[in-house]
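Here is the structure we will look at.
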Amino acid sequence: MKSGKHVMLLALLCVGASAPSIAQSPPPPATEFISEFVIANRILADQGVIADGFGHLSARSPNDPNHFYMSRARAAGMVTVADVMEFDLGGQPLDQRDRRLFSERFIHAEIYKARPEVNSVVHSHAPTLLPFGLTGTSLRPVSHMAGFLARAAPVFEIREVGGNDTDMLVSTPKLGAALAKTLGQTPIILMRGHGFNTVGTSVKQAVSRAIYAEVNARILMEALKMGNVVYLNESEAAKIAKKSPMPQ
Amino acid sequence: MKSGKHVMLLALLCVGASAPSIAQSPPPPATEFISEFVIANRILADQGVIADGFGHLSARSPNDPNHFYMSRARAAGMVTVADVMEFDLGGQPLDQRDRRLFSERFIHAEIYKARPEVNSVVHSHAPTLLPFGLTGTSLRPVSHMAGFLARAAPVFEIREVGGNDTDMLVSTPKLGAALAKTLGQTPIILMRGHGFNTVGTSVKQAVSRAIYAEVNARILMEALKMGNVVYLNESEAAKIAKKSPMPQ
Amino acid sequence: MKSGKHVMLLALLCVGASAPSIAQSPPPPATEFISEFVIANRILADQGVIADGFGHLSARSPNDPNHFYMSRARAAGMVTVADVMEFDLGGQPLDQRDRRLFSERFIHAEIYKARPEVNSVVHSHAPTLLPFGLTGTSLRPVSHMAGFLARAAPVFEIREVGGNDTDMLVSTPKLGAALAKTLGQTPIILMRGHGFNTVGTSVKQAVSRAIYAEVNARILMEALKMGNVVYLNESEAAKIAKKSPMPQ
Amino acid sequence: MKSGKHVMLLALLCVGASAPSIAQSPPPPATEFISEFVIANRILADQGVIADGFGHLSARSPNDPNHFYMSRARAAGMVTVADVMEFDLGGQPLDQRDRRLFSERFIHAEIYKARPEVNSVVHSHAPTLLPFGLTGTSLRPVSHMAGFLARAAPVFEIREVGGNDTDMLVSTPKLGAALAKTLGQTPIILMRGHGFNTVGTSVKQAVSRAIYAEVNARILMEALKMGNVVYLNESEAAKIAKKSPMPQ
């Protein structure tokens, strides 16, 4: 196993690494963990999942399950180690200084509260996912890389909890909790007119699910125009989801 | 706040900057303003909004509301400080020398005349916006990043003012004024068979609106193929437009 | 006017250049002409018009109207000055040495024979143009950058001249002449199941027409899915074609 | 002919090389062969055919027809000479050490068993090919670069051999043999909900077929939305397939 800090997560996200996963290892010291977290931000930007500068990634602290890491408000492709901040599950920063925060950090905080096994959350505005949340067309798995979509992705309609005149942002604990409730035990949730979130037991799982949710959306979008689509059945989806894209 | 001139606008266009917006600060000295203007040109090219070398960006002078800045005729991705020229509201350059001008600078001049609060205008030929101007399909907001589209974007049909045998270019004050009239009080106008323009109270607002108008068009284009689309309602659009992508 | 050899054509293809066009100047010495020709090859690759390594560009010799330049068989994005060869209108190289030739150089040779005013030809396989040649859907102008498409682009069906069992390649003078006849006096011709060609009075005109034919195809493809499309009318197309993308 | 090891395959995959093909030459020493194999992996990544880090390329050993080369499990765009491993036709590595293997190497092993003339296999998840395997829409040739698609590509439905609850992966000799049987004597096979494979008598043929299968899919996808499509007929497809993209 290569021990270089900066390339490790990149390697984990590719299939070439024989390294044990983060979850299987004892928690690495924070600096290595943060370095990998930064690389994961860059990967999300590189893959077009957070291409617009406004999505965000978080990771539960390996040292304290009631804390999570997230960048100060800045484009994922520009995040550096110095931008990473620590938050509590109320969404409050431990050391804000003069740094601007993402207003939607409550998406992350409330999911961590509701789902103890979740250790990472991606929030994305990827354009290819939006149409599914806008039209009632189910996002279901057509690629074996997206077995985790076995059950059609739930859609968060902010009007159901916030009424018809919100600003669309999940910027309060109440809205975050409602979103976490709609997410339930699933790995992905669409947000109508906004984007989507994936969760995982590790950064690599949440990130790779976000990447393949986007790929699956592109495939399904075109397949639906051609005719009747054969989806992965429940058994196929469940079995491949245990192996791919990232088991944990 | 970082004081580096060249990276400032880039930072402002991303969410990472805690800097006060241009409009809130006292007008910076012209050189810094121009440096930022150049970076905004490059961003428009990088984001595919002015990808073909023929769109253009302008900014009202912070020193004289009857003047505006615009590059000499050259691709946005290649604009340098030395290319930026100053124009009066008649569209005439203060110091042309032997530099070639964009023939459609009257789009900008006439909008600045009609809309005192507008301080920046983008003119783009982005291919994903064109179909909306060609088919009568309304460009309405489906992404929360495009709340500014609340009212369906008006379409400028040059035939209505110029007749059936124009060269399609808004290359006179008369045509520019007609376009500004169709624009009215809205933030965006489609031009049939040509492109679109966005306006803003700041360069960052006009530029970010252009970027997200393009993203919204891509999303809507695909959503329309899937079925009935849930648009942002007027209240949602108005509230999010006050915050995102750039409040001013 | 900048005199740098390598940047000149690039500049001409952007709007920033105040330089007189090639056709207006006295013919430059061959070395400068060839340097520009090489840059034009790179631009076609960069813009995705010759992205697959198998399209080609030619230019009539400024010194001998019965000769033209073309690269040896190699990807446009890799062409260097040393790859450029001179051919006669029979499609024969003046100095082949051991260099491999494009088998379809007869497209170019026969168009130069039939159209004395044409000084450059682009042959492209751009995927976005192909559907128009395959389905009978007319490629007509919807972008003001593509006024040259005023008359729907003719389609070359090789079966009409070569029968039902050709190898699809225009690799003989006879097939080239048939293609030139179908082209007639138009600026572009689609080839069913193969690609398209544009012609121009200059390299910059042929190249820019190829680039905007591709852009127009992308716009039209999506507009046709939305509903009834307003095309440029004949007068608009003719007037804008005199100015844009490149008058000559 | 250039003798540089690293650029040779790249050159062969472009049309510029006058070099004899691999199959025509005596087998090069393993090191040169492997260097070319590595470059072919990079080309597949660069062209978006293996963009997700999970496809793979193999090549039958020029020294032993019962052996083949394949990278350890890692993204094609990152493969180096040191990653290339040798396998027998049972899919077993000759020298595994601690390297992780692609679980689907049996696709390659079983095709090499069933098709003695095949010397290279590509396995890809390219999103543009998937819809054809999902909907029953035939992948047939519409580009002259894809004459090898003359007969509509067969579709491997893993349920037919593995039942309704597989994990979708061809990770056993039995499943590989079933896939090879469905492939029959054709050059390409689609895998429902998974991807596709191309085969060739040389690395360059398998790789170039994979690239143009993807291009053809993009063209056909859009053409089908426009109306009735004219496909290459059998004679056209057969004749051009002997010349292009790579005869062997």
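So that you can tell them apart, the chains are marked A, B, C and D in the order they are listed, and the count of residues begins at 1 in each.
Keep this in mind: contacts are C-beta pairs under 8 Å (C-beta built on N, C-alpha and C of every residue); 3 or more make two chains touch, one makes a residue touch a chain.
Because the structure is predicted, anything quoted here is derived from the model rather than measured.
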Count of contact steps on the shortest path from subunit A to subunit C: 2
Copies subunit C and subunit B - interface residue numbers shared by over half, same or different: different
Most distant chain from subunit C by Cα centroid: A
Chain centre separation (subunit B, subunit D; CA means) in Å: 46
Euclidean distance of C-alpha centroids - subunit A vs subunit D, Å: 33
Contacts with 2+ other chains: residues of subunit D: 225
Complete list of chain pairs which touch one another: A-B, A-D, B-C, C-D
Subunit B-facing residues of subunit C, complex: 13-18, 141-145, 147, 211-212, 215, 218-219, 222-223, 225-233, 235-236, 239-240, 242-245
Subunit D-touching residues of subunit C, taken from the complex the two chains share: 52-54, 72-75, 78, 83, 98-100, 102, 125, 127-128, 130-132, 134-137, 164-169, 192-194, 221, 224-225
